[in-house]
Amino acid sequence: MSSRIGRLLSVQIFGESHGSSVGVTIDGLPAGLRLDMERLNAFVQRRAARSALATARREADIPRIQSGLWEEITTGQPLTALFENGDTHSSDYSFLPDRPRPGHADYPAIMRSLGNDDLRGSGHHSGRLTLPYVFAGGVAMQLLESQGIRIAAHVYQLGNGEADCIDWVNPDMDALFACHSRAVPTVNAAIGERMQQDILRARQEQDSVGGIVECVAVGVPAGLGSPFFEGAESVMANYLFSIPAVKAVEFGAGQTAAFMRGSAYNDPYAMQDGKVVTTRNNAGGLLGGITNGMPIIARAAFRPTPSISQEQPTVSLQTGTDTTLAVHGRHDPCVVVRAVPVVESAVALALAELWLERRATYPLSKRLENL
Amino acid sequence: MSSRIGRLLSVQIFGESHGSSVGVTIDGLPAGLRLDMERLNAFVQRRAARSALATARREADIPRIQSGLWEEITTGQPLTALFENGDTHSSDYSFLPDRPRPGHADYPAIMRSLGNDDLRGSGHHSGRLTLPYVFAGGVAMQLLESQGIRIAAHVYQLGNGEADCIDWVNPDMDALFACHSRAVPTVNAAIGERMQQDILRARQEQDSVGGIVECVAVGVPAGLGSPFFEGAESVMANYLFSIPAVKAVEFGAGQTAAFMRGSAYNDPYAMQDGKVVTTRNNAGGLLGGITNGMPIIARAAFRPTPSISQEQPTVSLQTGTDTTLAVHGRHDPCVVVRAVPVVESAVALALAELWLERRATYPLSKRLENL
Amino acid sequence: MSSRIGRLLSVQIFGESHGSSVGVTIDGLPAGLRLDMERLNAFVQRRAARSALATARREADIPRIQSGLWEEITTGQPLTALFENGDTHSSDYSFLPDRPRPGHADYPAIMRSLGNDDLRGSGHHSGRLTLPYVFAGGVAMQLLESQGIRIAAHVYQLGNGEADCIDWVNPDMDALFACHSRAVPTVNAAIGERMQQDILRARQEQDSVGGIVECVAVGVPAGLGSPFFEGAESVMANYLFSIPAVKAVEFGAGQTAAFMRGSAYNDPYAMQDGKVVTTRNNAGGLLGGITNGMPIIARAAFRPTPSISQEQPTVSLQTGTDTTLAVHGRHDPCVVVRAVPVVESAVALALAELWLERRATYPLSKRLENL
Amino acid sequence: MSSRIGRLLSVQIFGESHGSSVGVTIDGLPAGLRLDMERLNAFVQRRAARSALATARREADIPRIQSGLWEEITTGQPLTALFENGDTHSSDYSFLPDRPRPGHADYPAIMRSLGNDDLRGSGHHSGRLTLPYVFAGGVAMQLLESQGIRIAAHVYQLGNGEADCIDWVNPDMDALFACHSRAVPTVNAAIGERMQQDILRARQEQDSVGGIVECVAVGVPAGLGSPFFEGAESVMANYLFSIPAVKAVEFGAGQTAAFMRGSAYNDPYAMQDGKVVTTRNNAGGLLGGITNGMPIIARAAFRPTPSISQEQPTVSLQTGTDTTLAVHGRHDPCVVVRAVPVVESAVALALAELWLERRATYPLSKRLENL
């Protein structure tokens, strides 16, 4: 069961790069949610290849709703959307299944299916599958917005490592939303421009770069999640690591926390306007698997795009000998820019799952009077 | 459903720090696995508090098997083990539920349960729950060993950030197993001794430190996992983030990958003794959610222990005012050393799940002759 | 999550009667299964409306495969099939949402969704959804056939209660397969003809009839299933009761068992050609949740079609007063004939799930030599 | 994963008849539910062996709560209860694993585990496991009672087939509760006495009888459940068929519906005190997988107890030859009486699951004004 997730909000993606369509079925969505289709389409479009920084592949990327929506309101039945595949060039993949691309899922996919997997255009492993992923994320985001939760991501680091730092305690959400129109979405425009140069330089050198996306969610109430296996970190990481190319996930201070003293790391509590807050947010809004009401800060690190036109060492599976491969065709020198709405989608789907779980298990009585 | 995981190998932990017992039920284990109880107990003991580096709490930590095992062989029925709680000091927690400890799950747990959660000794949120976790991990490890898979972790970084680096392509498993007898389990003994000094210094200064644990799994066949939501990275991260105090998870080169070029990051394929290998292992044995047959390299970063005897700012939930708290009682200045078998358990449980999934979905025919 | 099932073989159906399409995604199918598309289409066609006994609605009912199949072999990725909706008459349903049809899901569906559900043509509650159900069942059946398991159902009782009895110990599978070409598929042709008269008489009298379908599965190995919640009876009943209109499910002697003495009910064991068999099959191949290697005998009882053109008492939800309703339009006077392949599909999907679970948990060693 | 159920309310039972204990973990229970332990114990005791009609085995059957309850209020963490096994006679089972008892799970269990299953006292397959089942059911029942839902079952048919009929539209719940103190709990006392004679006669004749239990749930709101796989019938049947010895499950008119005309079967709607009701209840409160607000009527048919002291034909698995077996020891001649609270538990657990699912997916807005 490769491509389904969710105990309450089930998300099943399907499709291959060179098949008829890619799509998604969302099951478990409450009825009566009005979807703003214009905003949903705009969100999906943010993932599209549209600039010099991205692959030249062009497709409509327009969802064809099959079910679950009636006059733009959810019916409480499975919501299915399809995206037709148009512009495919199967011939670009003639090196498969013989010579697996280094850094790609080709070889493991061949071993997993004993050669039965359709790897043309990377098949089900293609970045094209993030299209239905983002559609589902956009739906989850509108569900969360109806509950006062807002989510936005930006490119945090890329190439030279310079960081687009934001305030974790009081993040400027408007600035985050505004930056999405930039070529590289950073709050600090100058940093984004330098990142863009890094990407273009990598392309020129027939190479690719990775980077880190940071996502913020505000308005999340305290008390979502659980200790242990359904902890909010676990749930979010599950969605984030399912994005192709993610190799590290962290929350708040993240890895840096490993090098801090407890006295510096622990976020002190304080009362603010009658509300419990923390005066810093190293925890990224998450303590022991449960939200504490502060902004959620999640970061996902992406490895550089594996497909590069340089010649790389590989093997011939047919002859069992060493050989080389130069991957031609259309590939992003950096997936990080297009990944920004995918990361937002991962966080939105995880929070929607946690929010529905909270709804199901909301306490039947209060033991402390002044909560 | 806070404390259950596993689509094929269901692991349900239960218990509170100051209740009768903590325990675990493992369901979905194949019948006919002979468990070496001596080794299982020794594994569980590795987690125990036993040195100057750990809390003074002492308990037997001896599993009482309730079911699922007959003459040390699994029956194919639910395997339940209990660990009785003995040595508890509830009075140490009189500050709860009024004054939540900074960095702890107290406040979110109170909000989650509206005050109904039993937080004495941190209740179900206690590190004591890693005891049944490790028991389950030890069982999973013996299952995997029967299939030729071996797992070992070590402390990778702690305090000053010096790294206990190992060979990711050909890890020396014997050295890893041997290091578990050290006070701080590092392959490079001198690094471990310096880490020990860091821990003792932190304790002296009424403070705590975090650190990073790295886990290696060898013998894992290529083809385990799936693209997207049940990807091997997603599954492993789910278990790793369920360990209390983990704030970052990464595989292979991990975050560093974000700052590398594709030409340097991609692991080249080569034939070695008729087998496909990669000549470096930046991917940590995982490509696009699927194992590639190389050693799996996973790292989990732990924040410093939240309980420190220094005074910290907090709030009184009863009066709604700012106040302070100094947490006395018995607490590790660093959980990282005791966390080593817990990280191994997380990886073992995740791989057992993936291995069972592979068993269920093993291809019915081969499309490529020479696989 | 209304429309998904399966821990190992996930089946997600979607679509509404008057939407663009209905469809299904099957996830968890092993790679390398060659699907005979001609036989699959023929199986799906058995459900179609084609005779005087069924609704006049005509549609292509041709699956459009979106993913998961490459040159007719499963890839190990999600398999999605769509069936376009063509011939719809929304105007027939103008009485909704005001006047719910007695015996239909209208009123509960309205209460469930607070009016948001699209009930035109019965929406997601329509019998049209058994089309993707049967597609999934046909795929499961081919998976099982590759393992030597064969499944066939027939109409057991209808109208006057006369039963089409078969041998439960040695069922004549060829006779069962052959009977599928009859107007009413019974092994005893004369009984089927009398059933057909019952149906036509009901239609003439503006009424409808129910009936019972019996399904047989042979070649199922002993040892599939579990005691308790994932018992083979539980799993099969879950799929069978998900077929619209099923109100009773039983195995082997079923309800009759309640009136038998143990000495008459217990199936005695005997050796036959070196194999353990039972000399009768009151248990229907299922003992305590686990298959015993004998033919599986399952029956599902269908209530009469709720839509009848007679005037029936109902209420107006708008005015809150009593009123009446006569349901015109195209409706089967009896769903039982078309339900035969749906029942086979339910049994096939359940057995595929159990077979995959068996594969995952197959014992690692044998304790008794001569098993 | 043999013994776990529940997408929202996870119930994991464990234990073997002759092991240390049997028990259950309930995960997903909302915090803040006050459990009346006295009533819970009384409910559990209803299942106990206490009369001439039942086995002579005596045990305390007192739950030892391990976790999840604090001062009798649920904490929102896993609730675990153990029941110690005391009075066991392993020697009674010396015929296993050689000579499987006809009608028992012995042979399938041996095939499932290849001989590794501990079958002493029937092991995990024992009726003793209904003890934790009933504990979980009692907890679910108190959850439902807090929402105005009440559940009661009675023996409907036994032996000669005479039925203890009740009013399905307006069931007399007080009469149902009151009948639980009778030796055979029927609303019509005379019928129960005749049933008792049937049981005693069967025992005298070294035989056993089956029977049917009917369960009623009132106060269930309309709108719980879903079409298809998570339909209320499917969910309830899953729990009911997991009770050992159940071979048939039906709702409302059940199988009889198969022989009715639509005009007689369809339950007409009517307004009553401003509420939509049906004037008969052939549907048993369930239409197309969703509750309609009427009483839920479920029946489970039990086969006669398999263990009888008469000699029965069986085989020797060791020698592969035909032989016989007379099962001595302590066995109920009829499990149906003790099964009454087990059936109530199945219905309670199913409704708790559906109620939590309803809470999670409750519509976000209303489309029809006067609902």
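As written, the chain order gives the labels A, B, C and D, with residue 1 at the start of each chain.
In this text, contacts are C-beta pairs under 8 Å (C-beta built on N, C-alpha and C of every residue); 3 or more make two chains touch, one makes a residue touch a chain.
The shown structure was predicted, so the numbers you read here are calculated from the model rather than taken from an experiment.
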Chains in simultaneous contact with chain A and chain B: C, D
Of all other chains, the one whose Cα centre sits farthest from chain B: C
Separation of chain B from chain D, taking each centre as the mean of its C-alpha atoms, in whole Å: 39
Distance from the mean Cα position of chain D to that of chain C, given in whole angstrom: 25
Cα-centroid distance, chain A relative to chain D, in whole angstrom: 44
Where chain C touches two or more other chains, by residue: 1-4, 7-8, 13, 28, 31-32, 73, 76-77, 112-114, 116, 124, 227, 357, 363, 365-367
Interface residues, chain D side, partner chain B - complex: 1-4, 6, 8-10, 12-16, 19-23, 25, 27-28, 31-32, 64-68, 70, 73-80, 82, 112-114, 116-118, 123-124
Residue ranges of chain B in contact with chain A within the complex: 1-5, 7, 11, 13, 97, 100, 102-105, 107-116, 124-125, 129, 133, 157-161, 202, 205, 207-212, 221-231, 233-235, 237-242, 244, 246-255, 257-263, 265-271, 274, 276, 278-279, 282-284, 287-293, 301-308, 310, 312-315, 317-318, 320-322, 357, 363, 365-368, 370-371
Residues on chain C engaged by chain B in the complex (per definition of touch): 7-8, 28-34, 73, 76-77, 143, 146, 227, 356-357, 359-367
